[in-house]
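Each of the next two complexes has chain A plus one other chain: chain B in the first, chain C in the second.
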Partner chain A sequence: MEEKKQCKGCGGALPFLIGFVAMLVVGWVVFPKVIYSQKTQPVRFSHKIHQEQGMECANCHAFRDDGSYAGLPKNEKCQECHADVVGSDPAEKVYVEQYAQKNKEVPWLVYQYQPDNVFFSHKAHESFECKECHLEVGKMDTPPVYYENRLSGYSKQTMKMWQCERCHAENGVSNACHVCHK
Partner chain B sequence: MAHGATKEFKVTWGMVIDLDKCTGCGACMTACQVENNIAPMVDASNKMRTLSWMLVFELSNKKSGAEAEVAYLPRPCMQCGNPACVPVCPVVATEKNEEGGIVSQIYPRCIGCRYCMAACPYHARYFNWEDPIFPKGMEKALSPSTSARPRGVVEKCNFCHTRFMEAKDKARQEGGNPEGLADGAYMPACAEICPTGAISFGDVKNKEHKVFDLAQGKDAFRLLEKLGLNPQVYYVSKREWVRKLGDNYAATGKPGAAKKHS
Partner chain C sequence: MGLDRRGFVKIVVGGVAGTLFTPVIWKSLDDVSIWSQNWPWIPRLNKGEVKSKAALSKLCPAGCAVKVKTVGGLPFAVVGNTANPLSKGGVCPVCAAGAQLMYSPARVKSPMKKVGEGKFEAIKWEDAEALLVEKLTALKGQNGKIAAINGDETGSAGEVLSGLLAGLGNSGCYMMPGEKFVAEKGVKLMGGSGQPGFDIAGSDLVLMIGADALDSWGTTVANQKAFAATRPTGGVATAKFVYAGPVLNHTAAVSDKFLPVPPTATAAFALGLANLLINAGAVCSAPDFAEYKALAAKYTAEEVEKATGLKAESMKELAALIKAAKAPLVIAGASFGQGAGALDFVAGASLNVLLGRVGGGMTLLPAAPKAVAGAGASDKDAGSFLADVSTGKAAPGVLLVYEANPAYALPQAGDMAKALGNIAFKVSFSTYMDETASLCDLILPAPHPFERYDDNLNPYGVAKPTYLAGKPVVQKPVADCKDPVDVLLGAAAKLGLSLGFDTYADVIKAKAKALGADFDALVAGGIWTGEAKGGSLNLGASALAKVAMPKADDKTLALAPMSNQAYGSATLATPPANLLAVRDTELSGKDLFVQMNAATAKKVGVAEGARVKLSAGKGELKARVHLNEGVAPGTVAVLLGFGRSAWDEFTKGKGDNVYKILTVSDEAGTGLKVWAGSTVTVAKV
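Right after this comes the complex of A and B.
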């Protein structure tokens, strides 16, 4: 009986409720923020300004002759225009001086990198517009923040398996494991 | 997939291996290990733990002197039409569902129970007892075609499946038909490297592919046909004793697949 009296302040519904709400906040608000580290691209590349010059996505992100996808362009491509500083944007100066002229490739962060066991064919998805799966960077002056999962190391923005599967199902495409996995 | 039924596909990737041409050189095994990122074994003499998607067996006619003969039999996964390994997997980590009929194996999904290994009569499946260790420098030469497997999962030959995907991409790029690849457009590493041309590969249902006729030749046979797993790998030998060995165990006295047992 005496012990119960002593514990009067620490039992009951109120402390439970406070703890419950606190944990909800941690689980729903704090943790999802803490789990991702935020990174910015090494160069503030403006897709927008390139699009305004009349360039298409495929001018820099192209297929190779064997149908594989080259993904991000290398210095070789960028230098076709940016061997020297041609504009007034300071970001361009950063690129030219720190990367192009030093013959160093830019370590771009790729928002959509998939795990090693995924085989994705850009060729098979050619009929879709890039922005249906990728962030619509074409309209952006500053590349979006890259969120990296601190545990898995993957980008937050990368496409999830359920998204791939849903689209395949909706379009009557096979969802057999081997269609996407290697 | 309904148990005990062979699922039909428009395209059936198959291999035809000419055992009279095979010299047992093992180039197919090497090519396979490179293509599929199979790490060198720490102790390759321990055959309980070695891992080889493609394995060359030595066959002997058990005679001596001038009559003695040997043959070599390369054994990939048979990609069975009615695989024994698929229905036993409790987590659907292996399935036969994709056009072409290649039996898939999804490593991150596999829980390592090894039911499939027990079920496969061809011993085509291997368990990773250890994490792969690539000698220094070799990790730079890993192939992007196949993901590396950790300790605790099962793996097997998949006819170099990524080459199939790449062949389809190439066909799309060139305006061809990715669902009806030309003969030779898709070749697994073993078939490509074999110096004697013993391994042929293609769509066994497509008359325009070389393997169509080869698989139906009078000297063609499959391993343990009487088990009814309907393998997609065929063997050819003019030597009768070799053909007989194709059905060598679980002998019931009744001829399997129209071939008489001695």
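Right after this comes the complex of A and C.
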């Protein structure tokens, strides 16, 4: 009888709080680490070195003549300088020997790859700074870790629709379906 | 303090409550919903630069100069090449589907060796080429033991085939039927030589007798553009077009006049017109004019009306139109691009001579230089060859089939397929698993037109010498294929023969050089044109004396195969995209509809929708009846392109194949095999 009385009172709201707090920790600290796998780029590309050479973003990430955006450069562009190893960085050697000389494109991981049903025009967003939407890689010597969602397969940095909509709303741009979904 | 059941439940409830304040549930739900949209079988867009590359598409018989739109290097659409002065940016419905056809499930994906009835196994290219060389080596030097059927009448590949066979001591290189072959015979009968050409753009009245010039005859896209140029929007038409043929087809539908003429009566109709024109004062300086005039006099409009049902008054009105025209042009041919006789051609061409239009409207093209030494003339027909194979008169041990589908697209197709069975080793160079490839012992997959070099010299119908060439649009073919000419040249080298070239690209470069054309400009979408040669023709009166006035027959109907270019060709089944264009009065489910007018249907005792069997020779065709007042009296019209027994899920087993009931006869006086005037019996089933 005495034991039962003790149990009735035991803990009060404490177990509830323990469970509550534990799951808050799991949900906010552990879960984000579990849901994403971490990947590194196939070649340690240093934006910093290239920027120090006086290059600008548009030298490699350029618009085509028809206004479409070329995105990541292909071998054809990289080989303008790196047909052979020209520096001492081992990453350059990896690129030249494993990709350029084998005529194989580098399978770069794209941090903000959008699904096929999204029509995103870089030209229409040209007035924004790249870093307002993209990771600021310009000063990085090593590309940031690529976090891939284990369920959806998309990058952690892939912009969600609500982010697009919020920016459109803030800038007085239509959020009609056909604006992004052609 | 212990943890009892109640305490445990409290922790769980607390945990669940805590979870609600974390992203676990909400993000997981969101991610799962995104995951559910990413099944591996969902096609992914190929992203990259959109480019437009010039190409030569030989999916249609005439070949189209096109621009292939690519994204990231892969074709996704085809448009016409506006720089081409003939097609002027136009493209035919088959070549328009070219990008889709590159990824067709019917493509042969790798070399295949037959291992049983209808069974094949994939083999390596080295093994396939070694097998080909082994078979050719065994029969080298034995004339008649190695033969080839060529379905490409405009490419230099034919020269390589012919040169290879000649080097192997064989002369059996046979062409699939086409109008060029017959027309050249016709020109000979008129005392001339060379391929005839027709200047539609430079004529103010174009009479098409049988020749379906705006859909299947000649360079159809160029013909359509020439037609369109005479019909300025909001303006007055500058030329008249008249179609005299068995069916109110696409050509007839847009022409100023349609005269229903059965396919058995095209020569008689032309001679009837000649008679009317001569009576109206037409004369010419041809040496056989008197003989021609006497012959034509037998074909009065009334006699032609009796034989064909065509009103004499209609013919007289047409003769008046021709007489009034300043630059009339007559084009004669079959309504489906093959099977007409040389006399049909001569009868039509004689009108051009009579009207003084040879050299103007109708031209003669000079003989083209050959790139491959030892290549013979392409004047033997595949139908006669396979007929000889079936009777044992020809007994080849090896047959090479290049871009041809004789098991489907020759008259009495069933017999032709059986004849192929008499040949011990058959090799198919085909892009697609067609009816002939499926009967062959070795299939060597050919690249799609956007994956290969090819050329196109003087497609039938052009008014002056014309040459096009194309290079691959893609870096890597979709299938494990090799250019057939490269394979043949490689085999020749292994057999100790030198044809002078290592690759097809080299052959085409040599051809361009021989013509005086710039290869680089050609493959960039350019065109080379020469000048038609001069010369005159006679009226072909002695040959035309063999033309007989058609006789009405109560038991049979004239068979008019109808071509609709969108539905494919002899070497190509209907592209999947174009199946949407097939009307339910042409094909319903698996039932093909044959068409006849109400009077003809009454005569044979059938009504709309009736199931019928059409028989001719050993062939039978099952179909249903659709009444169409656009079909000539005493004629049954049947669409080409259906009844495929191979290809893909989109076309296989739909409808029936009209080639099965086309019957071959020997043309009086020329000995040519003809089938445009086939007749059939129609019975209800």
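Following the convention adopted for this analysis, the second predicted complex is superposed on the first by the 169 of 182 C-alpha atoms of A that agree within 3 Å, B and C clash if a C-alpha of one lies under 4 Å from a C-alpha of the other, contacts with A are read in each partner's own complex, and residues count from 1 in each chain.
Quick note on the criterion: contacts are C-beta pairs under 8 Å (C-beta built on N, C-alpha and C of every residue); 3 or more make two chains touch, one makes a residue touch a chain.
These numbers were taken from a predicted model, which means no experiment stands behind them.
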item: Partner chain in contact with A:116 - chain B first, chain C second, else both or neither; value: both
item: First (chain B), second (chain C), both or neither touched by A:161; value: neither
item: Winner by number of chain A residues touched, once chain B and chain C are compared; value: C
item: Which of chain B and chain C A:178 touches, first, second, both or neither; value: first
item: Contacts of A:72 with chain B and chain C, given as first, second, both or neither; value: neither
item: A:124 touches, of chain B and chain C: first, second, both or neither?; value: first
item: First, second, both or neither for A:169, with chain B first and chain C second; value: neither
item: Chain B versus chain C as contact partner of A:63, first or second or both or neither; value: first
item: Which superposed partner A:32 touches (first chain B, second chain C, both, neither); value: second
item: On chain A, positions contacted by chain B and by chain C; value: 66, 68, 115-116
item: Chain A contact footprint on chain C (complex, rising order); value: 1-4, 6-8, 10-19, 21-24, 27-28, 30-32, 34-35, 37-38, 44-45, 47, 49-50
item: Residues of chain B defined as touching chain A within the complex; value: 95, 97-99, 102, 104, 106-109, 145-148, 158, 161-162, 165-166, 168-174, 178
item: Contact footprint of chain B on chain A as seen in their complex; value: 63, 65-68, 115-117, 119, 121, 123-124, 126, 174, 176-179, 181-182
item: Complex contact set, residues of chain A against chain C; value: 7, 10-11, 13-24, 26-28, 31-32, 35, 64, 66, 68, 70-71, 115-116, 149, 151-154
